[in-house]
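One chain, chain A, appears in both complexes that follow, with chain B as partner in the first and chain C in the second.
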Partner chain A sequence: MARLKVILKYVAALAATALFAFPLAWMFLTSIKPRVDVFAKPPVFIFTPTFENYSRVLDSEFMLQLLNSAIIAGISTAFSLTLGALAAYGFSRYGRFKRADNLLFWILSLRMLPPIAVVVPFYILLRWAHLFDTRFALIMIYSIFNISFAVWLLKGFFDEIPPQLEESAMLEGHSPPVVFLRVALPMVRAGLATTAAFCLIQSLNEFLLALLLTDVDAVTAPVGLANFQKYFGLEWGQFAAAATIFVVPIIFFTILVRHHLVRGMSFGRMG
Partner chain B sequence: MSAAAPPSAMQAAHQRYRWFPYALLLPALVVLVALTIFPLVFSLGVSLTGYGLGRAAGFVGPANYAQFLRDPSFWLALRNTLVITVFAVGIEIALGVCLALLFRESLPGFRALSLLIFIPMMLSPLVIGFFWKFMFDSTFGVLAYVTTLLTGRTVSWLTSPPLALAAIIIVDTWQWTPFAFLLTLAGLQTVPPQLYEAASLERASAWMRFRRITLPYLRFPLLLAVLFRTIDTVRIFDLVYIMTGGGPGDATITLSVLAYRYGFQFYEVGRAAAVSWLIVVLINLLVMVLLSFMGKSGAATARSTGSGRAR
Partner chain C sequence: MPDIELRDLTIKYGATAAVSGVSLDVLDREYCVLLGPSGCGKTSILRAIAGFAALAAGAIRIGGRDVTRLYPGDRDVAMIFQDYALYPHMTVRGNFAFPLQAMRLGRAEQEQRIREVAQLLRMEDLLDRYPRELSGGQQQRVAVGRALVRRCPVLLLDEPLGNLDAKLRVETRASLKRIQRDLAVTAVHVTHDQVEALALADRIVVMEQGEIRQIGSPEQVYERPDNLFVAQFVGTPAMNVLPCRLQQEGERWLLVGAGFHVPVEHRRSRLCSTPWSTAAPPNDRRAAKPDGPPWRSSDLATSPGCVPPPLANYRDRAILLGIRAEHVRLAPEPGPDYFPAQVYVTEPQGSEVIVDMQVGGEIVRARGDKEEWAFAAQGQTEVHAAFPFPRAHLFDPDTHRRIEV
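Here is the complex of A and B:
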């Protein structure tokens, strides 16, 4: 009886997992299918795998768009992590001033800002400042969301480390800046890595702002994927290959932060 | 070492480094203010003008707001946004709780399986939407093939209005049920096991145990999930843009897609700004609920961990 229950649970769990994993598995299968099999009706599961789609994608401008994405996400993350760590430590250790809570909540509300609301003014401003279609513009705009996220997540990590270590370091005569750099920061290394991974994922995935604020030079990978139809017709095999290449690092980062998923996804309020 | 000397030495250090907290907080605050205050005020201003392609930006007052209130597309967009929000969030929460109850027992392999389930929510809605579009395709999509097998008819998912909206809800549910699952699973771990032992002594039914013991502990995570998801679906754009573009016709248009059309297809920038301001107001209302709700726990953490020694 108990055994049957366990078996049923495994069946249910496997079925649920299959449901969530199938579209991704199908995407990968499509990416290694020869062209005829991509469009086969009924869909085929057995075919001779080919890397033809991948070699096409590797030769296309999608690689440049991936590079743009990597540069924009990387720099914005580094910038946001620096400012975010400073501010998070400030709120955590010196956050007893008046209205500190209001300030924190204002920062949180920025994370919820709908991109469509800022895109029109940014469009006009960037055109005027000749910064339209530059990586710099996207780096700065993504930093709004990333700094806001980093402050909240890192504040949680700083709150968790006991203040005694910092206090004793200060008693030994080290100045507050040195204590921050040498004592506090190394203790939240896991928090910094987690925050960085989440910022990278979010910046890589962003679409609306990149779509409307770039044109040619600074086009990112998601926008490139969206344009696939325009330039490649309905080459689903190639699209699947490009999407797979794009998704692999994101899955890698997800596995990296698997122990902190709750925290990252709930903005540090749980977990 | 005397007992009195160290604290005063620390105080002296803090005195000398009184600028330090400012150095910590100001860079982030200055950047955030600079990057957000301008666009929001600017867009409020633009929303009150006739700014558009090849037109002078004359002040028109609230005319843009009055105009889109008369636009049937706006009411359709509002309706669709609400329908997507209610159905997607509702189904995600229900399924998420079911999954969490199934996976709460740590049988071998369950952790790895749940990690696989978490992956969709980390991916770009754009990639997901695109790929589901391929699966929904009525000529060679694998899902359309399955629905044809089941119903005996050709089902054109993305080109018939009610089904297109349903398809968007299905994909959003697929992507975000893992989120409700994740938060619920974490919530379940906070239930003290002794409570279940006591309940089994009293022979409480499974449903009673869930209602009386489990559910109270899930209140916080579920409310958090509902709020985060609602904020996301109210501004939904990527999925709709890529799967249907708001079509067929206006059938799946949402508020964000409407603002996009006004601004970047019809070049009615003033009206686009007006719609996007409406979204901001809507989301701010939701965020206020979220904050008042998180405020309690947030303030509590701030009190318990905030530095007693900073001043």
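Here is the complex of A and C:
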């Protein structure tokens, strides 16, 4: 019986994996299909693969958009981690003042805003500040959302550090900044990895703000993908190729930090 | 000159005072143990000396320097934490080096000091391990080493032996004391374990509810507890405490309780308090003798009609009588001033035996040589016990203070 249970568990897991992986597989297959086979009915699974779609995409403006995405996600993540870690440490160690909880909740509430509610004010603000269609604007806006997330996630990790470790370092003559950098930070490496993964994925996937607050120069990859929908219809093969290029690094990164992700998602229930 | 001076220390957590108005001088190179049950404020005092606890009132001076408002790192104090507080992301060498880096020592000097400490604690071959790769005892040694490597004149120890098993605790206890002597540091050690306190301390500070109950050498605390709390907290098994009354019976004064009596003896009959004596002043040759050492056994005598002066006020009043388990006498047969007792349980402890017995309505524990008390261990339930007066501790039932006889 126990054996059967294990087997059933694996079957269920495989079925779920297949279900979730199918769109990815279909996307990749479409990206290497010749033009005529894309719409073949019934769908064909055996065809001569072609890399024509890829060579077209590599020559297109999509590469610039991919670079935009990488720069915006990278810098906003680094920025969010830095400020988030400092704020989280502050709340964790010195958070016993009056209304500290209210302050924390206010930070969290930044994240509750639906982007659609703020996109028009942001648009006007950026126009006025001459920051419309710049990477800098998106970096700042993504950071606002990510910092609140980073503060909450990292605070949980900082709370788990035994206070004696830092007391010991202080007693040994290290100043508070050194205690933070050399004792506290190394101990929340798992938390930093988790937070970084979440922030990166969040920034790479964001669509609405990027769509409405950029025009040409700062267009990001998700918006660029949508732009494959042209007046004369959609180039499905190129679209799939571009999406594959965009998705592969994210998949690798996620696999790399998957243990931290699981830990981060279940944090608070850790022993 | 006192090395650590605490003046009127008060520490509050919210509205409750963990420490209230404690003053204490720890002498230079002294091993001072703060002893008390959990929550008595002993750890708060230690943390105040280190600079981790905010003071509501009071001042702290170390080596004559006022450190009350100094940053912990500027106090020149080292500490060993109960959970060792080793940096898990550094090797043993890294843990030793980290305090030295704060002192901005040169590489060679750092290496030299690490080697010295590693040699002292015999852990040269463990320097490149991470704390998680070490046993509990080895981790404890790293914690000791990290505290010593800075060569601070003051060492604070917060239950440093609490996480070790019994055997290791005894071994480590001895080495702590040796290290403290060899390096001539002033040590303040916090523990709830009175055995540890008696073994290590030059002076014990017994605390309860944020206040000092007694300061004294291990002998003083053990043999002359100032009050009921200290008497019952120090010593295993805990001191037996029984209510009784001081009564006159014929020529003698007796402490009479439920199911037992103890004849009052006192050391020198010339101290006899005449106002209460019903008989004529005793005509004792010893009375003429000059003051000798207070506990010479030849001086102990039962003098007819006299009680020692401090007891005079307690005539026909209640008194608490304390007697340590090892001072209870047992005999198989009745004898003068012995009284019957029923044996409940006997616990053999190697060469000794602990006997739980009922006297009157109370349980009394006695500890003695297993062979001498073989009769009790072999199932005889009716035995005879006596409380020798010179070994008894008397306490006022209201103030719980010691009545010095």
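Note that the second predicted complex is superposed on the first by the 243 of 271 C-alpha atoms of A that agree within 3 Å, B and C clash if a C-alpha of one lies under 4 Å from a C-alpha of the other, contacts with A are read in each partner's own complex, and residues count from 1 in each chain.
Convention: contacts are C-beta pairs under 8 Å (C-beta built on N, C-alpha and C of every residue); 3 or more make two chains touch, one makes a residue touch a chain.
Small disclaimer: the values here were computed from a predicted structure and weren't measured.
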For this session: Name the contact category of A:V188: first (chain B only), second (chain C only), both, or neither.
Result: neither
Exercise. With the two structures laid over each other on chain A, which partner does A:L103 touch: chain B (first), chain C (second), both, or neither?
Worked result: first
Problem set entry | When both partners are placed on the shared chain, which of chain B and chain C touches more of chain A | B
Exercise. Is A:L213 touching the first partner chain B, the second partner chain C, both, or neither of them?
Worked result: neither
Exercise. For A:L165, is the partner it touches chain B (first), chain C (second), both, or none of the two (neither)?
Worked result: second
Exercise. Does the superposition put A:A73 against chain B (first), chain C (second), both, or neither?
Worked result: neither
Exercise. Now for A:I147: first (chain B), second (chain C), both, or neither, which partner does it touch?
Worked result: first
For this session: Determine, under the contact definition given at the top, whether A:W236 touches first (chain B), second (chain C), both, or neither.
Result: first
For this session: Figure out whether A:V6 sits in contact with chain B (first) or chain C (second), or with both, or with neither.
Result: first
For this session: Across the two complexes, find the residues of chain A that touch chain B and also touch chain C.
Result: 167, 170-171, 173, 175
For this session: Name, in rising order, each residue of chain B that touches chain A in their complex.
Result: 6, 9-10, 13-14, 16-17, 20-21, 23-25, 27-29, 31-32, 35-36, 38-40, 42-43, 46, 99, 102-103, 105, 107, 109-110, 113, 115-128, 130-132, 134-135, 139-140, 142, 145, 174, 177-179, 182-183, 186-187, 220-221, 224, 228, 231, 234-235, 237-238, 241-242, 256, 259-260, 263-264, 269, 272-273, 276-277, 279-280, 283-284, 286-287, 290-291, 294-295, 297-299, 301-302, 305-311
Problem set entry | Touching residues (chain side chain C, partner chain A) in the complex | 50-52, 71-75, 77-79, 81, 83, 85, 87-89, 98-99, 102-103, 146, 150
For this session: Flag every residue of chain A that touches chain B in the complex, lowest number first.
Result: 6, 9-10, 12-14, 16-17, 19-21, 23-24, 26-27, 30, 38-43, 83-84, 86-87, 89-96, 100-101, 103-105, 107-110, 112-125, 140-141, 143-144, 147-148, 151, 156, 159-160, 163, 167, 170-171, 173, 175-177, 180, 201, 204-205, 207-208, 211-212, 222, 225-226, 228, 236, 239-240, 243, 246-247, 250-251, 253-255, 258, 261-262, 265-267, 269-271
Exercise. In the complex formed with chain C, which residues of chain A make contact?
Worked result: 162, 164-165, 167-175, 178, 182-183, 186-187
